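The structures come next, written out as structure tokens.
Next come two complexes, and both contain chain A; in the first it sits with chain B, in the second with chain C.
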Partner chain A sequence: MGGIRLYAAVALSGFRRFATYRVATAAGVFTNTVFGFILAYTYIALWDARPGLGGYDRSQALTYVWVGQALLMTTAMMGGGFQDELIERIRTGDVAIDLYRPADLQVWWLATDLGRAAFHLLGRGVVPMLIGALAFELTLPASALTWLLFLVSVTLGVVVSFALRYLVVLSAFWLLDGAGVSQIAGLASMFFSGALLPLTLFPGWLGELARALPWAALQQIPADVFLGRHTGTGLLRVFAFQAGWALALLAAGRALQSVATRKVVVQGG
Partner chain B sequence: MVGTVDGNGAHIELDAVEKVFDVRRKAGRWRRERHQVRAVDGISFSVPRGEMVGYIGPNGAGKSTTIKMLTGILMPSGGRVRVAGIDPSRDRTKLARRIGVVFGQRTTLWWDLPLKDSYQLVRRLYRIEDGRYAKNLARCVDLLDLGPLLDVPVRQLSLGQRMRGDIAAALLHDPEVLYLDEPTIGLDVVSKAKVREFLRTVNAEQGTTVLLTTHDLTDIEQLCERVMVIDHGRLMYDGGLSGLHAVGESERTLVVDFERELPAVVVAGARCVKVEGPRQWLAFPAAASAAPLVAELAARYPLVDLSVREPAIEDVIARMYSSSPVPAQTAVPAAGRSAR
Partner chain C sequence: MAEGGAAERVVAGGGAAGLGAVEDSGFGAAGFEAAGFEAVDNSAPERRVVDGLRAYGLIVAMWVRSTMAYRASFLMTAFGNFATTGLDFATILLMFSHVTTLGGFTLPEVAFLYGTTSTAFGLADLTMGSMDRLGRRVRDGTLDTLLLRPVPVLAQVAADRFALRRLGRITQGSLVLGWSLSRLDIDWTVLKVLMMPMMLLSGGAIFGAVFVAGAAFQFWAGDASEVQNSFTYGGNTLLQYPPSIFAKDLVRGVTFIVPLAFVNWLPALRILGRDDPLALPGWLDFASPLVAVACCAVAGLAWRTGLRSYRSTGS
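Then we have the complex of A and B:
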């Protein structure tokens, strides 16, 4: 089908666009690694004081840190990616160009973001993970299947992340300046994805809530899949959780998109 | 009648099209006043297949709003739009495959990618078959001198290069209708000439219907036989370029050199608009003959030399813009044109 080839080409272009900036990538890898070390030593102190915290032993907790660093850009836990670009296009009116193309706006940008995520997993994820594995004693999956399941979970996480950021972007059609919403969404994402602390550490109702919100699909679930903490029906349950949020949020994005493009003015002359 | 359906020929057709925006304005600390802006206020015209038409007007006249309705990005508040028989806002995607759009101030190209990668995406986007793609790309590369630019990332292109790249991107899928929104804005003389030459070739060889919006009237003079002038969302003129002079009550200028400095001369049928030493500028209606004026001047004053200057199209249009702030709909002398 022509559509699939188109969106594959779009995803490839998304990959290549980020691959263009090599120095930025190297700087990003450096930053991820430094952050990884800071978090790792914090976690060591924490888990030495409270062994078994959140159901992780020390090695698992450190693995959680480095998987998190590998996914930080991939699932865009701080926001960003296509988000800033599309908000800017809405603000300047360049979105008019996206709208008159014979393609679906949402699928187009989803394809772009999947391409970007693939690049960030390879370009920004692999090296910090390797360094982390060399510097600390990590719990790496023994079977190839676990690696594969991890990739599935990451892909679903990227789609959930995309769908969330797409909703943020669409708000710019009404607000015209998406910076405020972006910042709030970024903070929520950092906190509720488990990028700072595993969601299993959150107490009581806050933990229940955090584990039920879509951001859990960004780091908590992929990291747990990586650690082999979900098996059998448990695994199906977390995949269903991710896929369910992905579909629901994509559908919400679609509905909002049709209202936005029908009602709202495209800016500028 | 303006905008009459002429059946098989009409390629772009607007019938009493309106676009009204709700605008909120600050009126006091908390209060917001709602009022309506009629960006397009009852426009009707029809462009037959293969015609290249200029669509001009001052900033904020409603040109871009019209183009957005013609691409289906904006839905008209009233009236009827058809492009190649399609209702743009209803079948935006279907129409998109048959039209090309160039916005001079925006780019369809991908900023971080080499030009040729952008074209590959366009190829997938419009599902252009390989043979046709190769042929069209070769033609654009040849006519627009894109050869050395294909491997350059778009962000490194100059404005003129980028514009040529954009025009090529809009034509790879052989669109039947091409909208150009200020395609020569910011370009130097050489780039402008190249772009115009290319557009002329495409229009002549492919029979592409072209709607050209511009502030550079040389574009219009060199490319379009027909021009539509819009202001305050209304069509003020639709017809040949030459007819603009008559409608705009334009004046020609007689430049006279006398033997010596004289006070401003007073003659019937002309008025002195400027005196500079022994040279004077006399304005007279463009439709009138210069002969009686010259005869009278020669009889009464010591003439050395004289020349007649034709009115600049800019002046004609500027006078048109300023003369009628809210023009009556009946002022459109477009009859016969659309029923061609």
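Then we have the complex of A and C:
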């Protein structure tokens, strides 16, 4: 299959591209670590006052914090990645070049984003997690299988995140300036992914809504898989939740893309 | 450098900081005079400050006019800024839906800490928030353009792409502050009333100094703007919570090394009538303005050193 080799090469170049910026990566690791510490202390205060809140003990809550810092860039919870670049290409009309490449637009950018995410998991995730584990008492998975399941969940989370950001990007075909939509999408993502607080702490209907929305796939579910809170059919159910949202959103992206590309008119010669 | 004397006179208008760089790049006075800039001796420090502020004001006015050309976009992004900064407070509200006190502090007390630091940080973010673009300018070489203009580089970088939408953060912070003041039962004295503006302005100056020092760091580490975020956005997040919940060493670090505790912790605890966890001498609660001046001096030195060591990427 030539197609798979092509997209693998695209993903690899996405990885390499982000791996080039070593100083920026070190600076990012520093920032993730600082925010990890700040969040960790606020969680300690919260869980000291209410042990067992949201179904987590203190150690699990702290683990949730550091898994969150490791995933913040990986599943692009604040937006970003390919998003700004492709919006700019749509605004300038460079997207015309992407459209007549002998490759699928959506899969091409998905491949670059998977490469980026792999780098961010290794480059931005591992070191803060290690520091967090040294500074606090974390609940790390005992079995290799849990680590593997965590990786599956993170990968699905990245695809859901990509599909959401792809929809944001496509709005630029109509709006040209994607800043407003990007900002609102980033806001929703930060709030509903569980990056600020676990979604199990959201009260009443807000909690039920948050746990049903696709953003739950970005942090809440991978963190719970990491903590071993899902087993057996429960595990299958959360994977189905992630995969279901991924497929639905990717399909929505394809539908919107075909409408967008039919209307696109590129000026100039 | 034969033209050194002449260059010094000309470039003085551009702030002493600009001098080294212009000398280094080998520009003489002739080029400037040919370009229509007159060689005027205005090297007095106060004159440089006035010139810098005037230039800052002009550049800011230009960006505001440009922003207002797209009024709807401005309103949307300002609201977005307001809502984004509000997420932090939504988190605190969610926490307080489960507890009545956090680290021994009630919701209005935490809101007071939140409101004071967010307003102070908002002031710094509005006026100096563009400083973190410096790394990008160093990398793509556009900083050179700024060096050639007879205007202090610091004023140009600070006013670069001035974002009026950041009023959203100040609005959000001051609304929370107003709400907390309406809920708190503070034993107001003249001194405490005076401490409020002092705290917000000194806090803004301390955060502003962090922005400048962070930008100076980017002269060496062009890609490291994220480090700055740890101290600006991270510092702001830290100060939103009571110091009692953090490890003592962390509190010591942000008191004595990067003195963010003077933004709001120390003065705010005095206003709230609470003890500070480090049990520091009481007069430190009033030291914020002095700390702010010291921070600005250190940041100014760092900026000057950074600018002097700047080497263009060429091409």
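Here are some notes:
The working rule: the second predicted complex is superposed on the first by the 265 of 269 C-alpha atoms of A that agree within 3 Å, B and C clash if a C-alpha of one lies under 4 Å from a C-alpha of the other, contacts with A are read in each partner's own complex, and residues count from 1 in each chain.
The rule is simple: contacts are C-beta pairs under 8 Å (C-beta built on N, C-alpha and C of every residue); 3 or more make two chains touch, one makes a residue touch a chain.
Please read these numbers as outputs of a predicted model, since none were measured by experiment.
In the superposition on chain A, contact is made by A:Phe30 with chain C only, not with chain B.
When both complexes are overlaid on chain A, the residue A:Leu187 reaches chain C alone and has no touch with chain B. In the superposition on chain A, contact of A:Trp205 is made with neither chain B nor chain C. When the two complexes are superposed, the chain touching more residues of chain A, out of chain B and chain C, is C. Touch criterion met: A:Leu46 reaches chain C, while chain B stays clear of it.
Of the residues of chain A, those at positions 21 touch chain B in one of the two structures and chain C in the other.
Of all residues in chain B, only 21, 59-60, 63-64, 68, 71-75, 92-94, 96-97, 99, 101, 103, 105-108, 110, 112-113, 117, 120-121, 124-127, 153 touch chain A in the complex they form. Those residues of chain C that touch chain A in the complex are listed here as 73, 76-77, 80, 83-84, 87-88, 90-91, 94-95, 97-99, 101-103, 221-227, 229-230, 234, 237-238, 241, 245-247, 250. Taken in their complex, chain A has these residues touching chain B: 2, 5-6, 9-10, 13, 16-17, 20-21, 93-94, 96-97, 99-103, 261-262, 265-266, 268-269. By the touch criterion given at the top, residues 21, 23-24, 26-28, 30-31, 34-35, 37-38, 41-42, 44-46, 49-50, 53, 177, 179-180, 183-184, 186-187, 190-191, 196-197, 201-203 of chain A touch chain C in their complex.
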